[in-house]
Amino acid sequence: MIKAEQKPIDEILKYLNPYNKILLSGCGACVTVCHAGGEKEVELLASGLRMARQKIGKKIEVLEITPARQCEPEFALEMSETIEKVEAVLSISCGVGVQTLVRHFPKIPIFPGVNTSFLGETITHGVWEERCQACGNCVLEKTGGICPISRCAKQLLNGPCGGSSKGKCEIKKEADCAWQLIYDRLKALNQLYKMEEIIPAKRWGVESRDSGLRRIIREDLKV
Amino acid sequence: MPRIGIFIDTLQGSIPASFQEKISDYVKKLPEIAFCLEEENLASSEALSRMGKRLEAGGLDGIVIIGGSPKLYETSFQKLRHPLPLNPYLFAVANIREQALWLMLEEEAALERAKTIISKTIRAVSHSKPIETQSLPLKPDVLILGGGITGISIAQELAKAGIHVFLVEKGTHLGGKALELHRFYNRPLEVRKWMDEKISVVKNNPQITLLTQTELKRLEGHLGRFQAKIQGPDRTETVLAVSAIVAATGYASQRETKGIYRHKRVIVFPEMEKLLSETKGPSLLWDGKKIEMVTYLLDGVNEDIKVDSINAVKQALILQEAFQCQVAILCKDVKVAADGMERLYRKAREKGVLFFKYEEPPKLSIVNGQIQVDVKDTAAIQKREQWPVSILSDFVVVSEAFVPTPETESLSGLLKIHLGNRGFLMEDNPQLLRVRSNRRGIFVAGACRFPQEVSESLIEARAVTQEVTALLSKGTYTYDLAVAEVDPKKCAVCYTCPRLCPHSAITVEKYGEKNVYITSGTGQETKWGAAKVDPASCYGCGICVAECPAKAITLQHLTDAQIYAQMGMME
Amino acid sequence: MKAGSNLEKVLEKGLFAVTGELGPPKGNDVSVIKRKVELLKGYVDAVNVTDNQTAIVRMSSIATSSLLIQMGLEPVMQMTTRDRNRIAIQSDIFGATALGIKNMLCLTGDHHTFGNQVDAKNVHDLDSIQLIDCVRTMRDQGTLLGGEEKIEGEIKLFIGAAENPFGDPFEFRAIRLGKKVAAGVNFIQTQCIYDMNRFKEWMKMVRDRGLHEKCHILAGVTPLKSGGMARYMAKNVSGIIIPDEIIDRVVKAKKPAEEGIKICVEQIQELREIEGVHGVHIMAIEWEQMTSKITEMVGLLPRPKVE
Amino acid sequence: MSAFDPKIVAFCCDQSGYPAADMAGTLKLKLPKNVEIVRVPCAGRIETIYLLKALEKGADGVLVFACYEENCQFLRGNLRAKGRLSYAHRMLEKIGLEKERIEICHLATNSGAKWVETLRRKSEQLKKMGPNPGKL
C-alpha cells in the first residue's frame, strides 16, 4: 500500500500562517496503516498546531476529521459541510487524497501534511520498504517476482551492476542488492535461464509513467 | 446529572476528624451527591454490610470512596469477597490520605488538594459504565507438546486429577534427553528402569492419548477454545480441541567439533554415561587399557547452567569409587545449588576428586596419545596468583553447548508466545510465574524454558500440574469485561495491535454473527475483517489502545474520558 | 573490421593490446588534457575517456575524445546511461562518430549519489546491455533503436563494455558477460584485478561458455600508490577485492609506490599467460605518468604500428 | 501577585509509579502543590496525545512514572511509553517548546522518595523555565 511520512510540523506551520481556522483531515486507509495520517495522527498534529500558534500569540482553531478514505469523491463530499466552515484544509492523507479534495473544493486552499513516500510493504512493525513504482508495465514475471524498478538504484533490467557486493547494494549499504535477490530466487526456482535472456529497453514512454497523465478506463464499468 | 453516593473512610483515625468534617462539608454541597456517609474502617466486613444495605436502595450511578489508596480497597474488597449490589466498576476511590493529607505541608493546601481529587474522582466515576462478568466453559482437555521427562510427568499427574491429556511427541519414542543418563545424582535408581516404568504408565493410562511422530502445525483460538491442528506419522491431520496447552519440548545440545575436540579421548557427558552403564568390571577399560585419569572441563560453554556440574560430580564419584580412577574437575565455579548437591560435592572432595578453578581457559594438547590439560588454578592460592597444573588424562570430558531445539522458534510463532534472549521459550514473569507463558492457557515447563537437570524438571512439572489443575478444576473461567475492545468499523486492519499485544490476545478475525457491519443503504451483512481482542486472554494493559492509529480500541474500564478526568482536563 | 580503429586492428591481429585511462578536467582547461596526452601517447593503443566518472562533473567525454584525436591519441569514448535517455544517447553517437571517434565503451555508470550533484534526477532509461544493443543496431542495421528509422550515414564503432568479475553474485558474472556478447559487444575491459584466483576462476567460466572467442577481454589493473589507498579501496569500494597479502606488501614496503608498481607489473605478466586475455587496461588514476613505466617494465613497448 | 506554581501532570503506572506515590504519602514526604496524579494500568496505556493534551490544556510539565526497563509486567509497555515520549519531544522541539517539559522516570514500587524528588526537581526546573507558552 501507499506509505507516507508526516512532514515536519514547522514546514506545515509556515504555510498555515495566514489562516486562523482550518480543518485537519486524515484518512482511514493506507496512511492509517503506516501511522502517518490516521485519527491518532490527526489528534496529535492538531494539538501540536494549536500549541505552536498559541505560543506565538496567534491562536488557530483546528477542526478534526478522518474519513474512511479520502480518495473517493463520496467521502470527500461528505466533508463539504465542515470544509465550508474553515479557511483552509490540511490533509494528512496521501497526495491522492489531497487532490480529491482539491477537485471538489475549488475555493478552499488544501495543503499536504505528509510526504507520500512510496508503494511498499511492512518489513517489521515500524519499518516499511518500497516495492513498486507503479511503472504500469509489470516485469515481475521475468525477475522472479522481485522488482528491479523499485529496488535497484539504477533500475537495471539485465542483472546487477559491478557494485553488488556480498548481497548488498553499494549505494545503500543496508539495502539488499535486488539482483542478488532475483538471482537467488530464480536459482532456487530452477529458472536461472530467465536471467540469461536479454530484457529489451523498457517502454517508459508509451504506457508507463513518462507518458503523461495515465488513466484507466474500463468501458464495461463506466456508468 | 448523575447521582453519586459518597463514603468517607477515616481509616481508623488516620484522617483526623477535623479534616474529615471539612471534607464532608465540601462534599455535601456538591450537586451530584445522593448521600455522604462516614465510616471508620470501610474495609471491615461490618462496614461493607452497612454499605451493601445502603446500596440496595438503588438509584445510584456511582460510588466514590474518599479515603486512602485504591490499592488498599482493591485488596481488602477482594479478600472479604463481599458481594455488593452495585457493579464494582462504578466504584472509584479518591485517595485523599496518601495523595493530599500526607503529601502536603499545610492543612490548607491539603484540603484544597483533597477537594480537587474528590471532584476529579466524581467526574471520572460519572463516566463509568457497569462492566459485566462473563464465564467460559473449560473442558478438562489439555495438550502437552513434548514427551520428555517433563511432558511425561505432567501427563501422568494431570491424568490422576481426571484431566484428559493429548501427549504429542515429535520423535518415535518417549523419554527425551533423560535417556542419555545412566544414573541420577540424587536417587539410587537406574534412570532407564525408572523411565520405563513411567513410560508404561503413560502408555496404558486411558486418560492419556499418546501421539508419537506427531507435530503441531497450527494453533487457533484462545484459552478454553484452542484448536490445535496436528500432523501424524502418515501426514494425517487432526484438530484437537483443548482448554490449555503445555510446551515441554526440551533442549538440544551441540558438540564442539573443531581441532582437538575431535580427538577420540575428548568425550562428552552422554558418552561417559554410556561407558559407565556398559562397564561391569572393577576397572574402566578403553581400547584394552585401564582408564586411570579422567578430567572434566566445565564452564567452557553453559557457564550459568548447573546441569554439567551436577553430572560431573555424580560421574566423578562413580569413577573414583567403582573404577578406581583419579578424577579432576576444572571449572570456573562449582555449582551446588540443587537439592543434595552440597553433600555430594563434599563427598567427592573426601573421596579424593580434585577441583581446580580457572579464569583463563585451560589448554588441551596431545602428549603420547593422551590428552594433557594445562590449567592455571586460582582456587587454592592467594588472589591474583595462579598455580600452573598439568594433568595427563586418559579422558577429557567436556560440556556440550545447550541450545534451543531447532523447532523452538517456529513453535513460539505457532503458539504466539515469546522467546527469551537465548532463544528458549520465555516465561511470563521469571520471579512469580515461572511456568506460565505470556498467553493465558499456555504453559512452558522444563528445559524448553531453560536447560535443567531432571530433578528441576520434575519440580516444574509439579508446578504446571498445579496451575493447570487449578485452572480447569472449576470447569469454567470467569473474567470481567474490563478489557480492550475493538470497534470493527474503525479498524483499518493494520496489524499494529496483534503485533504489540504482550499476551497475544488479539487476532484478526472475520466478524460475522456479532459485531456485524452493515453497509449503509443496502441492509446487507458484510463480513468485516477486523482485529478482535479475546476478553478471556486480555490483561487490560492498554498498550493496544494507545498504539491504534485509527483510535478503534477502547479500554472498557479506563476510557479516554476517564483519563482526561483524572488529568483534571475535562471540558 | 567494425570500425577500423587502432585498438580494433591490434586486437584483430592477435597482438596483446594496452589501453590507458584519462579523466577529463573539471572545467574547460585543455592544457590538463594536453599534459595527460603527453604522458600516454606512444605507450598505449587507445585511451579511455571517462564520462563524468563517479558522477563528478567533468568535461564531456565526446568533446575530450575529439580533442584527443586532434592531439594524435586514439580515444575510447565512455558513455553512461546515467545521464542520457535514448534520444540523447543516439544523438551523441551521431555527433561522436562524426567527430571521428571509433571506439565506444558502454556503461551504466556510477550512481549519481556518489558524485557532486547528489540532488540530480538520474535517467537510466537503458542499462548497459541495452546500450550495447542500441549501438549495435545503429551500426549493423543502420537504424535507430526500435529498428525502423533509417540513419543517414554510417555508424562505425568498435563496441566495448566493462565487466566486474569481483561483483556478486559471482556465478552470474560470466552469464552477464554472455548477455553482453549476445547484445553485440566486441571488447571487454574488466574492473581492476588484485584477486588473481578469483579472476582465473571467472576466466575459466568465460572460456567454458566460449565467450573469449566472441569478444576480446582486456584485463584491468590499477597500481596501488600507498598502503592507505589499498586499505581504503579494499574496505570501501564495492566490487573490488584486494587480498590481504597484497595490502601487506604495500603497507610494509619502504617505498609503497614502487612496490605498487612492482605488483602491477607482476600482475600483468601473470595475466598475459591466461588463455583468453587479449590485452591489459591500465587505470593509473591521476597517476598517468606511471603507464609508460609499467608498460616498459612488462616489456610491452614499443606499441605496434598496425595498418 | 502570587509566585508561579507550575502545574504538573504525573502519569503513574499501577505497577511502579502509583505504589511509589502511596509510599511517598506513607513516608509523609512533601510534594509540590500543583500535581495531578493519573493512575494507569501500565505506562503502555499512556497515549502520545495525553502528553500533548496535558500541555495544551494547561499543564506546564508532564511526568511519566514507569517501571524500570526490562521490568514491565506487560513486557514492553514502558518501552512503548518511551517511544511515544520521543515522538512528543520531536514535536515540541519543532514548535519551539522545551522538550524537557515532558519527562519519563523509571522507578519501582518502593521508590517513594525518588517519586517525590523527581516531582520537586521538575517543579523547580519548570519554575525557572516559566509557564508553558503553548497552553490555551
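Going in written order, the chains are labelled A, B, C and D, and every chain counts its residues from 1.
The rule we apply is simple: contacts are C-beta pairs under 8 Å (C-beta built on N, C-alpha and C of every residue); 3 or more make two chains touch, one makes a residue touch a chain.
From a predicted model like this one, the values you see are computed outputs, not experimental measurements.
Between A-B and B-D, more contacting C-beta pairs join the chains of B-D. Chain centres here are Cα means. That of chain B falls 65 Å from that of chain C. Our note on geometry: chain A versus chain B, Cα centroid distance of 43 Å, whole angstroms.
Note on chain placement: the centre of chain B and the centre of chain D lie 31 Å apart, centres being C-alpha means. Counting partners per residue, chain A has 40, 43 as the residues that reach two or more other chains. The set of chain D residues touching two or more other chains comprises 47-48, 53. Counting only pairs that meet the touch rule, the chains in contact are A-B, A-C, A-D, B-D. Contact residues of chain D toward chain A in the complex are 47-49, 52-53, 55-56, 87, 91, 94-97, 133-136. Across the interface of their complex, chain D is touched by residues 69-71, 95, 97-99, 101-105, 109, 112-113, 116, 120, 418, 429, 438, 500, 502-503, 539-543, 545-547, 555, 558, 560, 563-564, 566-569 of chain B.
Those residues of chain A whose C-beta lies close enough to touch chain C in the complex are 153-168, 170-171, 177, 179-180, 183-184, 192, 195-196, 198-202, 204. Those residues of chain A that touch chain D in the complex are listed here as 8-10, 13, 40, 43-44, 47-48, 50-52, 54-55, 59. Contact residues of chain A toward chain B in the complex are 28-29, 32-35, 38-41, 43, 66, 122, 125.
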